[in-house]
Structures are given as structure tokens and as C-alpha cells.
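Chains here go by letter, A, B, C and D, matching the order in which they are written, and residues are numbered from 1 within each.
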């Protein structure tokens, strides 16, 4: 939740929970003083909470939301999220994600993997996951994306991970998943926006390469950044070395972001993220 | 403050502050679930707070401390802390600290630099700080430390920073400054406890060297760790290279710890630290 | 190769290669001045090299090896190495390795995965790799290891990767694969040798956790270190959090070491490694 | 030195040194295969070298330079370099550099500190170094820079370090010190070129901030990068926090670059650097 910063807001909310029999399991808050905004994330145990699950939202609206100009989102951890993965021809991010899913690290389901190429079908098959190819061209993009969205709706997909998906999504597509499409870009944004960032990094002679996971917005590579990391390179590294070293960065940075999203620990505001620990 | 974890404790404390006219500037809390302990750090503005400064402690004791088995420490930011620096022959940590002090980065005073060697007097003089040499030998250690403590008391020193001070303090000395002596050890503790850690690191063939700042306890290099960091080395690095690379680590890691201490952001418990951000 | 450090040794070797029509593709060298040892790694193209492949060793021995007290190892990159993976119940390192193998990142074959538990058979099956369980107990260890070694010989295995294999190998077993068994230990060695390093790290209150890949020797967790890395933790992290954060470290650190081994870029000497870039 | 890559070039050069009685102390080389350029750095002991010091260049030219299209630079370690420091109002980089100089870490002399403000005179005085203020305005820039250059010539300054000097140097000035002016820019270039990079980083919501040391060229913040590093930030960090965290980065990254320059371990080519270890 977020609201204009005001005295006593933490006391009000924690009081609401504890007075009604909820046991707070997690609380983290943050005040953006520059903009006067208060952010908070609270988790509590519903066992013994006297307000029925389906009425919490109603009560909360009446009692607090309007009064404190409070924007919030209420989620139940029993509700397992459904994630679609979009890939092109590279497997490293895909394997990293699927290995975590089958090991039970993440509380998530993967009903489908979508691609513009057939190459990764063999990986999908290894994990017994449906694989759908949509051959997108300049001419058929609109229909293809419509078909993709129909499939995603049919499969009740909550959010999308672009695991090195080398196709730009249309504004229309993106608008259906606001802050619910996670991309990995292979540079430390905002450096090297766009295509071939490792080539650009090599040409500029940087001593670090990076990777950035962010929510996709209609502005290319300019959405809210979730996580970034870098690795050191030297003059000895060729472009191929950068690509190779970058792969480990990309998969780890993307998986960290996906994990935070699954745990609902990311709030977005003003094209930035608040990522709770 | 810390207390046994219990429902509603945040609400109770934040309520106490806001109801009485205090504006909360900072709140961070942490629950150690394994041990059932609740930790919190709150800062509030005393302007408009209706309880007089000198009575806050009294009120807080009566109303909350016993009831919630709450241990706390109340400090006023107007009260500038006084720091003594102990050095031997190396200047890198000393310069790093003094450069921050004169630049006004830290809200602290340095009434004295104490050493077992005359070497660093020239640095003390550059900064106009009193420099006292105590030539400690096996035979005179007790008297010398007594003299040091008398001087520290006289100068109202609140805490001590060992900026690569190569002399082991006695248990008696340490007991006068519980969790108020900050040391920098040039290894990633608990690896390479004791003398010559860079030599030990070289002999073991590690690929990373580290530095650890910690509160000094009577157990050598085993006090609560405040901050650690590492740097990468290779087979090409000689012991001299480790010493050189280590210097940058040591000074930064020590200064980070000192800064957190000055900001009163470190709580200690069970020989560990809670370091608030 | 390594030999006592002596003037002109680089000129001698590079001359031998170029005069006989070899084109040097890679040369890296390092002088351990403390011990007076010279290390070098050279790769050259055999196209146009006038000494036949099978006689190079003979010529090199006669002309240089004795004269310069030179120890060397000659390998042909056309010769693909065969790697066995040992696992127990955890999949993260195993997936990371297999994902790289099937993506063609490494020039290596994996004829078998060996375990003391059946759990990872499903992963082996996903990748179509033979999986053999050896239920090792205190009583049958000798026979079981003998059977393992027989299988490894039969499959022409060159080296072994312990991908979180939770069983201590006997000295006899280890002696058959000197510096050809790579282990991942989940601490920054030499801190937290032995069992349950994350628990020990938690108890000590460190601010960094690490992972170390090393060659296995008969001394537990004390073999030559190949690669190490760390990640930052805070007081908020529980033991479960350390285990989770550690997984990403372990897999990356192990895979980096395996890659260097496959590329034959690791020389060992005096229980340390020279790792060429 | 660098030259077109060609077979046997290492053997030729090392032979020249050893045959004439020189003992090689250091050799590192690198082949840029993409551009077919060979780079090498060799250090040898002149004791026993049969070619007199002042004739080495002549011999080398005749025997090798033209034949192999070899560009080289010959320096004697007995020749101490002279460094000028340019500062504005911030002291952190300046103190870090001066602390290293007086501790004898670097083989360098600092005859002068130059500034456009009087603020840092007190630091210069602490270290007994001449301090000259040149109040540069739009109108007097040409004369002022001429005066600065006259002073630098008079003091035999070899290279210049811009220790957070907040004034853009003219192309003419820069052209007199090609690849001999080292700047620290407070971002991970090429992100956030120009003024106020911490503000830009804050606005973009990055999760890492960086610092970059580079040689100054006439293209703003676009010269050859020598060294970069980053530090992690979170949504909690204000612009002031970035500035504070950035200071430690800036001083360490700048000092690493200056050290490499003093050790003559940096070769430049095609607006990039080869930095030998």
C-alpha cells in the first residue's frame, strides 16, 4: 500500500490488524520524503482474524482507504500465481527458471512457454510444459499478439517473464499487463539501451558489464528497474567472452526479480520500484 | 530497543510517540523469529513532543519497559559523541577517518589519538589533534592501560576506534567499554583469526581476501561483527600485493562500521549485531 | 608447464614452437618469485607444425624437459574430456551444469551421474543421462567405491564433479583422481570447514556468506582452491535465507571452476592453483 | 609497445633482452585478435644489460621498430613522475590521494594543487603542497588555462589528476596532455554523462551507482575508461545517500587508476585501455 505520508499511519494499520486478532508476520515500510509518500507492506496470519477473508477489502476501504488516500492491494498467499515464459533461442534463463520451479523454490505455476522460434521446444518437453510457437512477422504482429493474449487469458496467466525474448511487444499488448511483464536486458541500464548491448559495451571499452531486470513499459528498456548486477571484464575479453560472462549475470538477475515479484515484494510508483527485503 | 516478540508492540510504541505529539522520522524493526526477540529503532522529532526531554525515560519505564520486558537505550541527537582513535604505525585507516571528520561527514569529535608508537604524531599534528604515546610493554601494561583509561575519562570519550592498532587490549580495559571499541581485522573472520592473516591467506591460496570490523570482546577477534567486505585476488598476487589491496578494504570497512556506530544504528545481542539501514 | 625460474625460458619455448611452424594462439605465464617457480600455458595451432602430433612429447622431453627441470602436460584440444557428476538430493548445481552442457557451452561429455540417493534420477532422465545409485553405508563403503571406480574406468571418465555430493570420499578413491575431483563447499574456506557451514555462519553473525570450489584432497575441505565468491547477508536473514542465497553462489562458483578445468587453464602446485584467464 | 600481430614476436623481444644480459622482471602481453594487434609490456633489470641506457632506444629502433611496425615507449623506473592535482570544493578524493603519497605507496611527486576555488587550500597546507587558485570565468578561460599550462611546464608536471574538478577543460588544454589527464566521473559511464549524474541515477531508479576513471579527451566523459566500480543502492537511498555512498567509490576508483598510470601499466589504443595487472 502507499498513501501521502502522515503521522501515525503505521500505528493505525498495525492496530487494525492486531485488535482484530491478526498476527503480523512481516512488516516493512518506507517513506519517500522527497515526494511525501508512505509505502508499507504487511503480512499477517488469517488464523484467528475475526474479519472474514472476503470482507477484509470492504472493511479496509470503509475504515481507512478513503480517509488516508490510501492505495493498496490485498493478496492471499494461498492463491498460487501463474507465470508464462516467453523465449527465443537461448536456454540459459529458461533453464534457470525451470530448475527453480521444479525444485519447489517458487510458489508458482508455469502453464505455458511461448516463443517466436521452435528451438526451445525440447527444453519445454524435458519439463513437460506446453510450448506454443507464434511466428511473428511485421505483417501479422497484431493478430499473433491477439492470439497470444487469448491463450494467456484462457490459461489464467497472471504475469509474463521475458527470458531473453528477442521481440518487441506492442504497446497494446503491454497495456494489458501493466507492471506484470518482467524483462531482462543485458546491460546496466540506462547504458546501452536497445539492440546488441554487449557489442556497444565492447566498443566503448567499459570495465564492467551488467544486466538489468525491469518491468516492461511502452518506452523501450525504460520501465521500472527491479534488479541490476554487474561483473568485471578486462581488455582481454572479446565480445564472445562478454556474451558468455553475461549469461550468468542475466539468469541470476532475472531470477532474483521474478522471485521478488512472486513474493509480491515489489511496489511500483513513478516508474521506480520499492523492493522490500 | 529489544523485547520478547509479542503482538502489537509496534502499534504500542508508535502510538506512544504520535499521541504525545512526536513526529516519527525513522522506524526500522526486525523480529528474530528463531529466538523470539523483537528489535526496533525509532527516531522522532522532539519539537511539539509534550513530554519533557528529561522525563521521557521515566515515563517510558513506567508505561512500557517492565510491562513488555523491554530493554532500550534513549539518545538525543543533539549530544555529539566523542571518539578516541588508537593507532600503531600505519596511516591509511587513520587518514580515512580524519578526512571524514574534517569534511563534516560525521557528527563526532576526536579529542585524542593514542598510540604505542610515535610514528603517527605527524598525522595528528596535520589535523591539530592531541597525540599521546603509551609505550606498552609486558611489564607495564596494567599501569599504562590505567593511565589510558584515566585520560579517556578525563576527555569524556564515548567510544574507541582501533585503526590498525597492533596491541591486544586487556580484559579489564575491554570491560570498561562494552561494545564501544571498534576494531578492524584484516581477514574475513572467522577465517584467519590472530596475527598475520594476509600471510595465512597467501599460504592457503584463497581467491578472495577480506576485512572485518567488529566490537572488541575479551575473546580475540570473536566479538560481534559489524561489517565485512572482500576483494578478489589471483595467484599472481604476492603477500605485498595482498597487504596493498587489503589497505583499501580495511579503511572502507572500518569507516562504514564507525559511521553506523556514530548514527547509533547498531544493536547488539547474543554476540551478533543488528545493523539498521 | 612449470620449472625453476631461469632467464630466457619464455624465449626458448616460444622459439621452439614458432621455428617449427606452430602459430601461438594463447600464452600466459606467471613467476612465483617467492618460490622461484616459472609457470606457463601455451596453446598453438598444429596446422603447419612440422613435428608430428604423436612425437611432440618425445622431442620436447629430449630438447627441454630435463635440461630445464621442466614439468609439463601436453593436451590436444581435439580430445573431448569425459566428466562424471556425483550428486545427493539437491538439484541446483546439477541443473546448472547440465544446462551448460546441453547448450554446448562446454566441450565435455557426461557419460554418467552417480548418487547415494535415487532423488536426482528424474533430472538425469530429463537429460537422457545414465544414473547409477550406490547406497553407501559405513560397512560397504570400500566395495561400493570399488564398484564406482570400476564404472568410471569402464566409461573412460577423466574427472569428477561433486555437485553438492554429501558423502566423504575415501583417501583411496581420491588417490585415483589427484586434482581431478572438483568439489563445491558452501562457505568461504577456510572459514566453516566441515558440516553445516550455513548454520555456523549464522551463529557467528557474519555479514557475508561464501562458496568455494576446490580440488578434493585427502584433507577435508583443504585442497587447492580454484574459485570463491561471496554474497552479502544481513541480520534479517534466517538460516533458510542463507541456504537459499547460497544456492546461487554454489552453482555459479562450481560452474566457473568446472569450466576452467575443462579449458585446462588450472595448474596446481604446493596445494594452490594457478588459474589462467 | 604494440604492433601488428605476427608469429614469433614475443620470442624476438625476449631474446633481445636476455641475449644482451637483461633479466626480465615482468612480462605481460595481449593479442587483440579482432583488430590483429599485439600489445606487450616488459620490465627488465638494467644491471648487467650490455647496451647503455641512453642507447637502448636507438638500438631498438634500428633492430626492431621499423621491421615489425612496432610502436613503443621506453621508461626508466628511476625517473620519478610529477603529478598535478586539480580540485574544486570536495576533499575526499584529494585526501585519499595525498594520504597514499605521504605514506610512500606511490612513486610520485606532487609539486602543485590547482583549483578554481580557495576551499582546499587548507588541505594543501596540511601536506605542505603549493596551492594555486585560478578563478576561471567564461571570459578569461583562455588566459587562465595558458597560465596554468605555463605553471605546469615550469614545474615539470608529467600528468594531471582531476580529483572532482568541476570545470570543463578546453580542447586546447587537453591536447597538450594526450592521455595524461585522469578524471573521475561519478557514474558508470556511458550512463549518465555530464552534470549531476547522481540526480539522474535517482530519477531513473537504478539499483547500482558507479564511478568511472578515464583519460580526458575532447569528447566529454567519452575518453578511454581505465577503471570502474559500482555499489548497491535501494529505494531507501535519497540523493544525499547516493552522494555519500558515491564518495567512497569515487576515491577508490580514481586512486586505482592513478596507481596504474604511475606504474605505467596502461596502454591506450582506439579510445580504449589495456590495463596490465
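Operating definition for what follows: a residue touches a chain if its C-beta (ideal position, glycine included) is under 8 Å from a C-beta of that chain, and two chains touch if they have at least 3 such contacts.
Per UniProt, the chains are A, B, C, D = Formyltetrahydrofolate deformylase.
If you're wondering where the values come from, they're calculated on a predicted model, not measured in any experiment.
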Between C-D and A-D, the pair joined by more C-beta contacts: A-D
Chain C and chain D: spacing of chain centres that average the CA atoms, whole Å: 38
CA centroid of chain B to CA centroid of chain D, Å: 36
Residue list for chain B, restricted to those that touch at least two other chains: 234, 236
Arrangement of touching chains [line / ring / star / complete / other]: complete
Residues on chain B engaged by chain C in the complex (per definition of touch): 30, 32-34, 188-192, 204-208, 210, 224-230, 234-236, 238-239, 271-275
Residues of chain A defined as touching chain C within the complex: 90-92, 95-96, 99, 102-103, 105, 126-127, 234, 236, 244, 247-248, 252, 255, 277
Parts of chain B lying in touch with chain A, wherever the complex brings them together: 7-8, 10-11, 14-15, 18-19, 23-24, 27, 29, 232
